[in-house]
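Following are the structures in question.
Each of the next two complexes has chain A plus one other chain: chain B in the first, chain C in the second.
Up next, the complex of A and B:
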């Protein structure tokens, strides 16, 4: 019995991804000793910070049986409108920035929720349409130029660090305080998904909508919460990105959906819904970020990057699908 | 008289709607800007524009009819375009080289489509995921070949494919008409066409009816890949260069066209004529917006809005039908 549990943990998806990450780190470390050190961890966490925020939002949507490809557009309209509004009215408050950005995100999420839940349009098509609509509105009515004037208080957040490390050569590496946002979000998501009725409901409607309805879950309510949360987190992610890059661009995040969905799928979340874990998502994002940022250390030219990331996703999904088949074929107790 | 009424009743409401929209745009634009909109030059320039994404839209239609989706079309188009360009340059841009380039491009499209079809049909990975990965993968291969910048210096005569005319009809339009005719024939008169519709509406039932679902899926995505590569060749000829990120906005546009043309997102329903009319209607809208000097960004928003509006209306009409 105990043996079975050990076996289950060892063959779990999270474990496989973790092993791949460790293996990749060892290989990169051997090829290029420059990789080993605290600075890699700091750079990596900075690189994956925003992706982490988007990934947890997207994972919740996918677990509920939907998909949201509109989050880059939602993030862009939220961050751009907020910064523009704050500059025009000379408002300078961090709290206001996040609140307004998140608020715009919630409104966009509400639009997605109505289309998917009430009118019952396939989520991919609905969110693709919303994405195009929002992006067009942002560029046509808000402006197409990057804004580099960020209100002072908001901007100063990018210069606050919770941990600094100086290497022998005297180069300083600092971990930004913004890393707390994803950390808090992941702990919160873990607790909500695992221990609350709402979280279990999200898994239930992703697994089988009819069964969930018969079991007494309010599907429409849960879907509204899921898509509005995703919109809110997209807004927060967009604002975080603005502070990190110290610039607000109306198109800066477009195209991010591919990487995020890839990271989630590699982390073991099933695109058909009902399965997925917070830890898996974290590991998936780490793996993708590791590949994206450190291929150059292995001597792989940068123009190979798109292909290699795509290839990893294909292999990852093939393995997942074979595993699903294998599990389904096993005799049920 | 009864016969006419019967014909109107028989005709698809969707096709009728699209026809009315197209005619309305022509009339309204004919009144507002008769000299620019109704000129031969405008129609010729429209004719060299729409076949590019129009042919891609048919690939999307086939995939959607099978109950899937093909988001990798633009990736396939660019990859086969790049390989076509490389082949032509390697053969010094002779006529034989051009022909070889086109053949190689179509083979590449078939291979990409076959990969998609295999992963979807045999390994049962959701189409959306496969083709999203496919987009990344094929674009990635394209980037490796070009190393980033566009491939230029293609033979001048290759540009004639999009710029040339045959008896005042742009050559892309002729290619487009051939594609429509072939697809119409496939959907109307072959076993594959019927099998595709069956599988799209209920894959379990089609399996028990003795249809080889894997074969139908493979054929569908291979056809879609071929259409993608034809679109790719037109794009290369249009820009007279090949690059891995041309036509990125076409993914949404093709999806919009397929849905506008009456293809059901959940599979089983779709008409070649509907999609063909949707392409023409959309090109008319696009051209009208251009002549009215509307910004390209508003066009992006308009595509999204039209897509949502069309699906919402059809969905509402359908739910009304079922409750009745």
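Up next, the complex of A and C:
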């Protein structure tokens, strides 16, 4: 019995991904000792930061039985409109930047929610349509040029660090204060998903919508909360990205959806809904970021990295789907 | 001794112009197992929905614990202690056992937070109440159907249930699991809970029920203690006609239809040989995993065999694919008609002509007129009850849907038809109709093979019976040498085929 539980933990998806990450780190570390050190952790955190925000939102949507491919477009319209508005009206406040960007995100999420939950359009189609719609609005009405003038207070956030580290060679590595956003989000998501009826309701409707309705969950309400939260987080992620990159691009995040969804699936979330964990998502994003950023240390040529990333996605998702089949085929208790 | 919990007085319910219930009376006492029997479409489901507050009755009175209830809503019904366990259980495969059991309670109390410790405690309590134990931390997707049902039952009883209604609880269970369910039902009964079971399987009803109410066409035709019903009266009340439970004994013939020799697929079945003459209905039975279904799959080309010969109407043939099977005029009614045999959302007509659509293609156009005509012909010939040939399959009852699967294949004029579990979930009247169709086919010279684990079906409808075990034939006899008891013994392996029953 206890043995069974130990085995269950050891063969859990999170454990497998964690082992792959550790294994990969060891290989890179052996081939290139430069990899080992605090600087890698700092660089990696910075590289993962925005993906982490998008990933947690997307995971919640997928767990609820839906999918949202519109978040890059939502993020772009939110960040671009906010920066443009702030520049035009000479507003310079960090709080305003995040509030407005997140607010636009919520409105976009509301549109997704109406299409999916009320009009009952399949989520992939609905959000694909919204994505194209928003991207078109951004380019047609707001502009197509990158804006490099970010309001001062907002811009200065990119230069605030919670931790700095100087190596022997005197190179300074600094961890941006923005990392607090995903940290808070992940803790919050963990608590909400595991310890509130809203969180359990998200899992329930992802597992069996009909059963959830009979049990007395308000499916429409839960779906609205899920898609609007996803929109809000897309807006927050977009603004974070703007501050990090110190410029606002109307299309800068387009195309991010594949990598984010891949990271989530590798982290053990089932694309069919009902299954997924916060820790798994964290690990999935870490693995993808590690491969994207540190493969070069193994001597892998840049153009070859795209191949490796694709390869990891395919293998990762294959492992997940084989696991699902294995669980299905396992003798029932 | 025991008091009446629920009393229905002359309940009527109509939808539009259709009278689903035409005045039903029902009395259920606490601590009593009450069986509600009736064929598909008799109004059982509507009645349950009235009791659980989903439907308002058009007229009639509901009394719960002697008090007249004017307006019964689902929440009201649950508060009164009425719980329904539906056929699909409505549980969450991705959540743990504990969570599934405790979730309703949490939703009822309106709490915003999830208390895992409390959920586990509630789950363990509920399980101990009905005398079962399942690891509360397991995900429900890892449970067998029987255990999923137990989870659903546990969830139902946590809120002080006084009456539990089980809708067709045994459909997906093995006989061993049915025994365990019966124990749980008795357990509930001993806890002074009223148990209402909806079922139409006679044998199972006799095992558990104390009281019996039979519905037909929206009326209760009979009610009383189970001892007042013998099989004859029971069937008569259910179907409204006398169905003879007699045996199929065709004229002997030596015109050979099908000969199978040394059919082998390692790991599934080995050295299977049998012959089928004109008029024969061959029954293949065996426990799950004995290879009975695989033989059917192989004869239809779903499984490629390693060796063996097949002769169909004196022509040696090989079957390696479904296309070859169809070319050789072999038809297969699969075990799971809902997923493998029917296009549920399409009309009767589309389904009927699905396997023979080539026949209606004229000048690159489908002959709509001929298709409708032939569909109407089959509807009449096989006795399918449907408003028209254009209604979707998922509006039909199980028995009628199965008739359409058979019609689909008959429309291809098969030389051999294999039916895997042809009457699972089909009520008695429709069952008899389907068996009659099979016997007529056999008489016309079509080879008929019935694969089933329903022993009485095999005994009554097949004149040749093959019993399988571990991929081998352990008995191949004429059905006149067997009865249900001997067959059951053969199946469970207590009698060896060589020295025992087969040579008697």
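One rule holds for everything that comes next: the second predicted complex is superposed on the first by the 333 of 333 C-alpha atoms of A that agree within 3 Å, B and C clash if a C-alpha of one lies under 4 Å from a C-alpha of the other, contacts with A are read in each partner's own complex, and residues count from 1 in each chain.
The criterion applied here is as follows: a residue touches a chain if its C-beta (ideal position, glycine included) is under 8 Å from a C-beta of that chain, and two chains touch if they have at least 3 such contacts.
Keep in mind the model is a prediction, meaning the values are calculated, not measured.
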Answer with first, second, both or neither: which of chain B and chain C does A:330 touch in the superposed model?
second
Touch check for A:216: first (chain B), second (chain C), both, or neither?
second
Is A:206 in contact with chain B, with chain C, with both, or with neither (first, second, both, neither)?
second
First (chain B), second (chain C), both or neither: which does A:262 touch?
first
Which of chain B and chain C A:23 touches, first, second, both or neither:
neither
According to the contact criterion defined above, which of chain B and chain C contacts more residues of chain A?
B
With the two complexes superposed on chain A, say which partner A:33 touches: chain B (first), chain C (second), both, or neither.
neither
Chain A contact set shared between chain B and chain C covers none
Chain B to chain A touching residues, read off their complex:
69, 119, 123-126, 128-130, 132-141, 143-144, 146-148, 244, 252, 255-256, 259, 265-266, 295, 297-305, 307-308, 311-312, 315-316, 319
What part of chain A is in contact with chain C in the complex they form?
1, 5, 194-200, 203-204, 206-208, 210-212, 214-217, 274-275, 327-328, 330, 332-333
Which part of chain A faces chain B closely enough to touch in the complex?
67, 115, 119-122, 124-126, 128-137, 139-140, 144, 258, 261-262, 265, 271-272, 301, 303-311, 313-314, 317-318, 321-322, 325
Contacts from chain C onto chain A in the complex sit at residues 86, 88-95, 99, 103-104, 106-108, 111-114, 116, 134-135, 137-138, 141-145, 147
